[in-house]
């Protein structure tokens, strides 16, 4: 699938502020960058580095009103979906750089969920079957509701409150996977069909020797997702991290099919 | 049922320390004090006041090694058990002094459980049926395990971790009742058949115009419970509250049938 | 001082919803109700009970759009201010119904603050001097900022974040007082000079055998405060508690000097 | 300085349990492994991988009573101490793999500490001066006390309670550094002069283009520290992570000067 992304971030900074931005589509074999432009209207310089999995990050220093524009045409090719069966690895078989996605993190306290996860999903067959059981459970028990969660909400709180947005669904999915020893991480993404359009949070699980993209909210088709960055949880994939308070003046994300 | 209670608390206080103690059996029509003795070995003076529901509290100032002894023979008569049916009151029908047992409290954040409680127990019939459904759910989903919880553990944490002790079971029971608008409170108690013997935490629910005693852990028979004090949650019913750190030297609680 | 209060609460309820409301000025010797009217526009019936300290609470069942109007003229007489000196009581001297205002509560985890409070304020002289030291510390270290706290924020979080609104200032004040064994409670109030006008949260401390009203934010003069209700913390003094979600359509609070 | 390390971990596993272990001294230019032995008494096989900074991790599957022995002689050479002055980097100057040590993590919610850190340490001069001011503040305000914290305790809780152990001191140090944009990470270590001997937690800060080791507790001399592993906080550097509960039968850590 070919997708066009158009993003505008307009923020005000009262004083010179260091920023880290994650708006570039990751560049990888299952997500080709056809064309792309990135612009900071004020002309502030930005350094862009490339991480593993093709993740790109810009760093700059902003002051006053700043407008960031990113546009790209992306070719997702024929992205493979999570297959109907797939083996979960033993810890000893996992690549070393996957291991920390087994551990609890700030918003994903998976260590506290071991009893629940084992009892509810422990008998669900192979790795894919467990992930599917977790996704089903979340969609039956958690309501998609704006305004009940904040940027501080953890998966444990969402598990209690039974409501949240994409970030909360993703954290709960990650947490339950990790509680069953399935490596899982958060992915910031652009997504087709989101209403209203916005940055999206989804997860990846590691099964059968590779990462698979999964939308825990089931709002967007997997082939309509464009990965920006991955990390342990939302703390790692914020589209804008700043060292001082900032004020949003406007923000537009648009994703359309070409 | 007639019960004999023998309690010894032996604590060390490095400096003069204010204490509030809850060790006296509450004195009420369904729990008659047949004989009773209360003694502070050091001779420190204590003031005892009587609260509603017959709750008695002592206050003193302790220093050095202090030994408190309480003994009583109690006649529980024929304590009524929660009946098989019983109506839940509208808020407008409740006595004014019952209302705050509808509110969330420190260890019982009932406001966060409304979706879960409504979905899981909302269709369970009258008030008693809902309480029974809650008790059943807790005993199927939460394991009685020492060492997984602390004095700071909330019902939300127990709901996630799915394990705890009497205090945690009670907090979860109270929380789920309040989330369904059933007034509920924590009760510190002596209990028959506890192994090892210790202070016990149970709950009371308000249905059909009165409070009913319920042991969420199902460890002790209701007629084998002797109420000490009630409150919103464990913070209110600690057997010893002090204004400085203290060190436990020894503690014995014994409850036997006469 | 004579004050005129005008309050309008306009809320929408999707289904029949039980409500507890706290909008009436408390009726007491230092706060005389000169004239007063209370009206529910839909004609829904309401039961009003009177608690201790003159606190009045209404209960009703609301559905659809509901408008509550409360108007009163209040005579605060010559309300006494916290004197320049005043003794803190021993626990053993306190009236029994004051004791639970020594205990930690949901938003005021005073037990965790004992080391800090003792080190920072322990040497500050008598009870009033300690309260004044706490108020000074808060006003030097905590910024009054909207949007950094929520209805779930505890005093421990405010202590870390160093910013909040009246509710947060009050919780921190209460917490620090209790950590020093000074009974302290939350008071919902109408307040002169608040900008924008809104319900206000202040605290009361118990010294020299009585409660004293204190505005931790220092935004309103004590003689310009009209008490509505008191409780352990904000959970107890919400102007509207409901058993189902509601939606605010409009809300006006006006306090003026007569 | 030359150091001899002897470690024995003896744990019981009720069923086959996956484990990740961090007991090997990191192998790096400022920490040479002179001799070394690693043994699992049961003969269970273990895979060892080497991460960046020379960190080594073993993975195995344990069952029944398992005894792990690690011994090593280490030459720390002349380890450089944090110099008396040193520049803090702009975000844009930092190596890409250092950036996530600026972000809040599970036990180090640095985002909530920005006001406090800026006000208390913001004026302290260059990077080293700020780190020194943080270390001084912690040693003046936090008591080293066993039993007040658990494996769930965050830096925010330690900041409130003002007491904890090495793990808590380290988390607070890391949190305050990150709140000032100084990259900081947790390091699991062996340490000379610890009493009783145990695994130790210290921190590293990134200044002047490199990481510097710092013991926030000031219990051990920096040249007497042997790094095992680093990570965002204690969740990443546990000496034993397991996918099922385990029971400690015995544990010995000994560090001596050669």
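Chains: A, B, C and D, in written order; residue numbering restarts at 1 for each.
The rule is simple: a residue touches a chain if its C-beta (ideal position, glycine included) is under 8 Å from a C-beta of that chain, and two chains touch if they have at least 3 such contacts.
Note that the structure is predicted; figures quoted are calculated from it, not measured.
**Q** If you check the contacts of chain B and chain C, which chains show up for both?
**A** Expected: no chain.
**Q** Look at both sides of the chain A and chain D contact and report whether the same residue positions are involved, with over half shared, or different ones.
**A** same
**Q** Cα centroid separation between chain A and chain B, in whole Å?
**A** 45
**Q** How far is the middle of chain A from the middle of chain D, if each middle is the mean of its Cα atoms, in Å?
**A** That gives a centre separation of 29 Å.
**Q** If you average the Cα atoms of chain B and of chain D to get two centres, how far apart are those centres in Å?
**A** Whole-Å distance between the two chain centres: 42.
**Q** Which positions in chain C touch two or more other chains at once?
**A** Residues 109 of chain C touch two or more partner chains.
**Q** Quick one: label the inter-chain contact graph as line, ring, star, complete or other.
**A** ring
**Q** Let me know each pair of chains that touch one another.
**A** Touching chain pairs, listed by label, come out as A-B, A-D, B-C, C-D.
**Q** Which of the residues in chain D come into contact with chain A in the complex?
**A** Result: residues 18-20, 47, 49, 51, 57, 59-61, 90-92, 96, 99-100, 102-106, 109, 181, 231, 235-236, 241, 243 of chain D touch chain A.
**Q** Would you mind writing out the residues of chain A in touch with chain B in their complex?
**A** That would be residues 109, 112-113, 115-116, 119, 141, 143, 156-157, 159-163 of chain A.
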